[in-house]
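Below, chain A partners chain B and then partners chain C, in two separate complexes.
Our next item is the complex of A and B:
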């Protein structure tokens, strides 16, 4: 099989997918980041190479997500793109005519507005992560239920209790209060879903013209309680695409297909990188009062990338070495 | 005598005026160092917690001048335009700074043109009297300073950024930036002390330029045009700088060839949240792509980069779609 790899390195999960030439997802791997993006990318690629039929060929690789630059260096990416563009590209391919994309991930949430297949507006959450997956994760753990059961239990409720959604800390104390008053678990979970949706629409979706078809994706779209809460708040049907939790990676693969076709070849370093030794470290540059935190990545002992310096003294040094 | 001027806040507007005035009166002018991590850290440690990021940075700049200057120029700038005010936090600056220890004496003179633009000369006389009893000398220094200031504003209206205009006035020639690739005209709006301070803004102007954008700001528009356009608001804004941003935004919205608008707000700035909201509504009304960036003291650049990259992708995408 010939195709393209897309890698989305997010704060909570790393998604690796393989699409064939026609853009159809053939393999999807979902791993938790566990604070070690490089090791998990290596692990994911190893898993992928094991699953692909013999003789498969990788014609391009794309990376996205907050760890896109790091992952891009490790694998030799053809396309390194921000998550907004990646999500928009993927969704407009999977759901033609989409006008609104709601995306809620581990630590960020975004809304993307499209008209006639073109992004016309977008927004991301600002300095607060209250309306995101991490919060649901945390509360599920506190209530001692697995995050997979969360949505199902919320759906059992016939009514919901009102929980303040402005801030995760206040929401938690509100929830505890309701629980001590004797409200049922399904009602509390349903209330939590509604609070998150309210917060999302007030914060990220503020002033946006939300029109159908509305697509909901990102890890939180697995939660049926959240889907119901969105449907009630927007009074619109909500579509959850297949592979909703790896859409960023799908977009990265589609972008890689474009970039590799333009270049004529791929920069992919091969599956062998899962066995290489990568090390990252940071040091404080004492060159001036900026005291930049410089991060460097080494591959089998050789420095392959540096960043974080404002003046370019360290990052440019690596590029120059490569040229010479 | 060495007069210290903090390289912060209204430095970006009035530095040429202040410097020439003091030098004509026989003083030497010392600037604080460029904004950097160390300066901000000192500011954060000493500032009251309610103020915005640029004011915290100002604290750092003042502290940086300790030991370098004999006096620090810290006027109480109440109003620089008839019937308008400067941000209330500026008004309290001398009082806030006075509480800091081990600082040289401050030159605290009220500058308040709220009632009458001619009150400017009262302020000039009050400052000048510190250096000489000869009113003619003060008057001469003032005229010379105003002349240079006029040239500075003119250079900015010709499309130069403050640092470039200063370099020209002072006879230093900076490396001129040569943009390549497809150009996009992007309007960057925000308080001058935010967008022109490369540390606070994470070097937004150069980042936009390196991504192939031509950056236009409110300072590139003449005072007269700004006033005319700002007068379209049903009610005049209280703040001079806010009026400038709104007027410039309205002006640019009517210019052909502008591809997008970026508004930079400091987290915790009241006027910014107001003017940003007004500009956003008008931009949406005329179909102009708009991005609001909120800056605070976090040093992670990924968030800003992701948003800028996605915004320019969107603008390019839209432009391409309009072309076909």
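Our next item is the complex of A and C:
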């Protein structure tokens, strides 16, 4: 099989997917980041190479997510792109004509508005984590139910309890009070979904023109309670694409396809990188009063990248070495 | 008397130049750093905005270097800033820092008070000397603004990465060192030469982004996570709604200098959307967004510190302006976060959006 790898290195999870030439997802691997992005990318690639049929060829690799630069250096990426562009590319391919993308992940949530296949507006949560996956995770754990059950239980409710949604702290205390008053679990969970949707629409979706088709993706799109809450709030049908939880990675792979075609070859270093030794470290540069925290990545003892310096003294040194 | 003042981007070059011209002993606080922020966040009230915390950190760090007097701007708007000088002074007093405070209130409301404060600061210099020093400060501000504008133009077009930054830093150092009218004129010429010597690709298509928002976060790169520089590296040419020299002309000279952008123009442009002063630069932000959109800018970024009331008002009005002009607007809220990944992601996505939009537009025009 010939195709492209897409890697989305997020705060909570790492998704690695393989798409064939036609853009169809052939393999999808989900790993928890566990604070070790490099080791997990290596592990994921090893897993992927084991799953692909013999003789498969990688024609390009793309990375996205908050760890995209790091992962890009490790694998030799053809495209390194932010999550917003990656999500928009992937969703336009899967749901042609999409006008609104609602994306809720572990730590961040975003809304992307497209018209005629072009992103015209977007927003990401800036200062508040209420309304993201980790908050739901936390509340599910507190109520002693698994996150997978969350949505199903919420759907059993016939009515919902009103829960304050502006702030995760308010939501939690409100929820506890309602629970102590004797409200049922399904009603509380349904209320929580509604609160989160309200918060999302008021915060991230503020001032945005939400038109159908609306696509809901990211890890939280697995929660049927959230899907129902969005449908009720927007009075629009909500589409959840297959592979809703790896759309960023799909976008990265699609961008890699474009970049590799333009370049004529791929920069992918091969699956052998799973066995290389990578080390990252940081040091404080004492060159001026900025005291930048410079991060350095080494591959088998050789420095392959540096960043974090405002003046470019350290990062440019690596680039110059490569050129000479 | 050893005088210090808060940092706000390159403001120190102007204020230091002016005070030294007056013969005042000046202590410039160390540039705002993580330490400044840590100190400020520790002693400042949690609900105050980022500028207060950085001011406080600046003062404490300046006091460590021997400063005993603080010069601070006042204000009387709905914005909380008008009260910051007194609050900061009270906090410093509680912490045991015995520093004298000189608040310069805006001239339109408290002219005689302002003049008395300036006289006190100058150690009874003649009014002619005071006038000369203010003029010198203003000239420095103009020179610094010109260097900044040159950097905005060459950053996205530079052929060698980092060459603009080098020329920019060096130019500012030269301007900072100039201590007389003659030295300043020479430094200005040298800076101009240095900035135009940066090799650029003039044919490169770049997107143009107008920056609007609250003055402190707009002018201070440390507090806005080096917004202008990052945008430049991503291939965007930027312009700002506020420059220090324009602010001085508007607020100190009452708009006496002609031929430069004024606050009045911005407020007039805001008229269809916001007819009222809402504190800070809220009204100017809306008006400047209109002006940038009319001038054909590809996008607008609004920046303000978390909890900034005037800019929150502006933010809620901007979608209306956006609907009329079709220019994308993005808002960035700044607080204590120093991790730059989030900022970079948003900026990269925004520049992608603008680039793609521009390509589509140009393809349609062909």
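Some points to look at:
Here, the second predicted complex is superposed on the first by the 324 of 324 C-alpha atoms of A that agree within 3 Å, B and C clash if a C-alpha of one lies under 4 Å from a C-alpha of the other, contacts with A are read in each partner's own complex, and residues count from 1 in each chain.
Here, a contact is a pair of C-beta atoms (placed from the backbone, for glycine too) under 8 Å apart; a residue touches a chain by one contact, two chains touch by 3 or more.
Note that the structure is predicted; figures quoted are calculated from it, not measured.
On the superposed chain A, the positions of chain B and chain C overlap enough to count as a clash. Touch criterion not met for A:237: it reaches neither chain B nor chain C. By the touch criterion defined above, A:312 lies against chain C but remains apart from chain B after alignment on the C-alpha atoms of chain A.
By the touch criterion defined above, A:97 reaches neither chain B nor chain C. In the overlay built on the shared chain, the residue A:119 is in contact with chain B and with chain C. In the superposed pair of complexes, A:85 makes contact with chain B and with chain C alike.
Applying the stated touch rule to the two superposed structures, the overlap between the chain B and chain C interfaces on chain A comprises residues 66, 81-85, 118-122, 124, 126-127, 207, 289-291, 310.
Considering their complex, residues 30-31, 33-35, 161-162, 165, 169, 226, 229, 306, 316, 318-319, 328, 330-333, 335, 341-342, 344-346, 348-350, 352-353, 356-357, 360 of chain C touch chain A.
Every residue of chain A that touches chain B in the complex is listed here, in rising order: 66, 81-85, 116-122, 124, 126-127, 207, 288-293, 310. Against chain A, in their complex, chain B makes its touches with residues 33, 36-39, 199, 203, 267, 280-281, 284, 289-290, 294, 296, 298-299, 302-303, 305-307, 309-311, 313-314, 317-318, 321. Those residues of chain A whose C-beta lies close enough to touch chain C in the complex are 66, 81-85, 108, 118-124, 126-127, 206-207, 289-291, 310-312, 316, 319.
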